[in-house]
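Chain naming follows the written order as A, B, C and D, and within any one chain the residues start at number 1.
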Amino acid sequence: MSSPVRVLVWGENRHEQLEPSVAARYPDGMHGAIARGVEEHLGEGASVRTTTLDEPEHGLSEEVLRETDVLVWWGHAAHGEVSDEVAERVQRHVLAGMGFVVLHSGHWSKPFVRLMGTSCTLRWRSEHDRELVWTVDPTHPIAQGVPHPLVIDEDEMYGEFFDVPAPDELVFISSFSGGEVFRSGCTWRRGFGKIFYFRPGDQDYPTYHHDGVRRVIANGVAWARTLRPERTDPVLLRYDTGDFFRGHGYEGPLDPAVTA
Amino acid sequence: MSSPVRVLVWGENRHEQLEPSVAARYPDGMHGAIARGVEEHLGEGASVRTTTLDEPEHGLSEEVLRETDVLVWWGHAAHGEVSDEVAERVQRHVLAGMGFVVLHSGHWSKPFVRLMGTSCTLRWRSEHDRELVWTVDPTHPIAQGVPHPLVIDEDEMYGEFFDVPAPDELVFISSFSGGEVFRSGCTWRRGFGKIFYFRPGDQDYPTYHHDGVRRVIANGVAWARTLRPERTDPVLLRYDTGDFFRGHGYEGPLDPAVTA
Amino acid sequence: MSSPVRVLVWGENRHEQLEPSVAARYPDGMHGAIARGVEEHLGEGASVRTTTLDEPEHGLSEEVLRETDVLVWWGHAAHGEVSDEVAERVQRHVLAGMGFVVLHSGHWSKPFVRLMGTSCTLRWRSEHDRELVWTVDPTHPIAQGVPHPLVIDEDEMYGEFFDVPAPDELVFISSFSGGEVFRSGCTWRRGFGKIFYFRPGDQDYPTYHHDGVRRVIANGVAWARTLRPERTDPVLLRYDTGDFFRGHGYEGPLDPAVTA
Amino acid sequence: MSSPVRVLVWGENRHEQLEPSVAARYPDGMHGAIARGVEEHLGEGASVRTTTLDEPEHGLSEEVLRETDVLVWWGHAAHGEVSDEVAERVQRHVLAGMGFVVLHSGHWSKPFVRLMGTSCTLRWRSEHDRELVWTVDPTHPIAQGVPHPLVIDEDEMYGEFFDVPAPDELVFISSFSGGEVFRSGCTWRRGFGKIFYFRPGDQDYPTYHHDGVRRVIANGVAWARTLRPERTDPVLLRYDTGDFFRGHGYEGPLDPAVTA
């Protein structure tokens, strides 16, 4: 697969507008810092754009998503402002094959919660804990080139119980100086799409300037890109006996004579 | 845990009213046949009720769900008539610890689709295929006392690809005389609740009178009952450093000074 | 299943003989303390015996294993003294349905290594770290009644990467005051048997007098007991077309005409 | 990773010598046919060699394995003739990062059985069943370009229960015209190595001339190659508090004062 992966980094872009300290920390927006990290590590292997909540349709129109191989999501303060229609659209594109990399407080974003089916709640504290990110799946593509452990001098704490489905692959576990642990790098396959959740990163810390964190996000993007040749919705089809390849569309659950 | 498990079998009860052949096959309703099977196999270990779509709130009020340990679901022709509010309520109770046993065409029911996060589509054919249900997890509680294979002389066919999350435990795989296969017995843990999906069963076949099928459903009910002492919602809480047991409620994502 | 679970706690019993401090800490042997914990929590639901390395056949004859529902294993300094024959016998009984609860340094015991197929290596340090054991699978039977987190004031540290197969169920993750993490409560199903590995516990700390640790071990014992009616070896059998229930024994890979 | 993957196809090469019908079906040996299939599909991306049981050290010396990225294994009639030393060596290289693709009757080979830890038994019949191989993990690299289903006109039957650990990823499930099912494409990660088992293929059928089967094997080879930069054994190391990167070698389980 030689064409560059088309990456869209979605940023809520609220803290940056409301809090001068965040704007100073992330002068190009958090989405800007995340995008730079992907570009640095994937180079010509990626074509990276950004968009934000305030754009029409939050920058996530049908056309835009169709041209996106992997969507990276950062949101926090304004999850509720994402329209249900756009959240459903993102979910649908993931099920049809779009990669989805969800960062940190994106755990409570509408598209992620819809895809998980759970509450996605957790325990937390923002008190400058040191985070250590340990690799527990050393052969996984996302773990390549990542120090063991990855040391983040200070970050927000997230702790268990993290109410998500047991991940298909548990790649990283974090500890915090306060003693909590967190399944901080998880993958799930949903429909024809691949999802990677990565915990580190908060508006109050310079986490997205950390080279190791950027490496993981870039690895996650490369991994989440589908290998399937085209984006297709999973469908329900009827197959005649002995014909395994030509399905027929659904015509309803009841005998036509009954519903007539 | 010595008290009987409180089981509620939910039936859509549409085919029985619309199609005389179904009414003849299931004179007490499909939910009635399912409920009898659970009673037969769990005896005094279960207290079984039934309810249907046409009841107020589809028979699934907050009070009713609170008193239900395990909800068994059969629906097909009228998934769309289940209100979103009730579907969300069922999901919430599952996440808080209610067991959920979903049968056959319930794969496309609103609560199941919400809990899976996927399209839950599959391939199908109703042409009297013989189904063989093979156990691939022989130590699982749900597989105990079940013939290997379980032979169902005729049933509707469901085939892969079944678009659900990879199950936490794959207990049964079915083959059909037409050659298709299906992951027909799957478990998932979501929140504090346990979910079991079991494929066999259709309005057009006497599947729910089959003793082996009834055994599996009863085993699934026993397994899905939570062991936790009380039903609680997963929550997001803040914890002070060094205090692991007393969480604080969420007060919003932004500094009060900012939002004031 | 009303009869008491027949538990055999196997202790290497070397540190207790060689190191007075260990003998003082565990006057009935480490196996004795472990056995008391199981008895305390399972009461009349368990019948608990102990045996040690120095017994003939290490106390693990064919007859003894046949009468054992769940074998609990603690070893450390003398893994190499366990005979290959006994290690293979334990493995065979697990595959045939015996439960196997492996504690702490038993990660490097011969039967566990054989059942895992990996090196079972890890990182470690014995410097009085505080251990916190966090539940990540709150509906699991083994997690019931266990504080979240379970606090162990001081214990040996084990850290990742722990070279074992990805567990079927990850129940607990530990953190240590030094910052390391460990998948400290793991289950695997092998053959017709169930295996639970639990990390805490060392000869140099009073871990097996800790009530929460004892609760987990007792829960693990109850969980590991097979539900199958009898112990049987998995076998390779030939089945005629259309006969799913009567297998024929293996008669070798080559045509008799060839080997004659 | 631009260098060609170094593939070694190991063939038992017994049936070919003993049975004229097999020699006629596979004039270059079964290993030869398998090797051709990998070459056809990976092209310049692979450098493929073959070796057989009758070579010194079965063609699997330390030097040869060190230069092998992925070992493909076909054996059947002479599993017992593989020396324990070579079987242990293969296992060790897999744990250190060598890919391992095991075909069909290789389920009972010594290296595979050692890596699984189970009996690896199954049910079988060689009566020209049609096999259908269904994809249940459509985003998996090994499933790309594979028809759904893959149709094999006749082959030996393998049926459940297949006594292996629950796979990390279940990619394919087969059905047979006799009605049996089998988890026919499974992956496991062990140590730093990746293992893929693929069921189809028997000396009595032309399975390894089937283009779809060859595609799957080639995909499996590409997937099984490690992404880690060098082959290293998992090791047990002691780490000082606060030093996460410099481990110390193991010096034995007992205090030197005790063992002196």
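By our rule, a residue touches a chain if its C-beta (ideal position, glycine included) is under 8 Å from a C-beta of that chain, and two chains touch if they have at least 3 such contacts.
The UniProt protein names, listed by chain, are A, B, C, D = ThuA domain-containing protein.
Here the structure is a predicted model, which means the values were calculated and not measured.
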*Which chains does chain B share as contact partners with chain C?*
A, D
*Is it true that over half of the residue numbers where chain A touches chain D are used by both copies, so same, or is it different?*
same
*If you average the Cα atoms of chain C and of chain D to get two centres, how far apart are those centres in Å?*
29
*asked:* Suppose each chain is reduced to the average of its Cα coordinates; what separation in Å results between chain A and chain D?
replied: 33
*Approximately how many whole Å separate the CA-defined centres of chain B and chain D?*
37
_Two or more partner chains touched - positions in chain D_ = 132, 137-138, 148-149, 159, 161, 166, 168-169, 179-180, 189, 244
*Within their complex, state which residues of chain C touch chain A.*
130, 132, 134-138, 148-149, 159-162, 166, 169-170, 173-177, 179-181, 183
*Taking the complex as given, what residues does chain D use to touch chain A?*
97, 132, 137-139, 141, 144, 147-149, 151, 168-169, 189, 192-194, 226-228, 244-245
*Within the complex, which stretch of chain C touches chain D?*
14-15, 18-19, 76-77, 91, 95, 105, 108, 114-119, 121-125, 127, 129, 159, 161, 163, 165-166, 168, 178-180, 188-191, 233-242, 244, 247, 252-255, 258
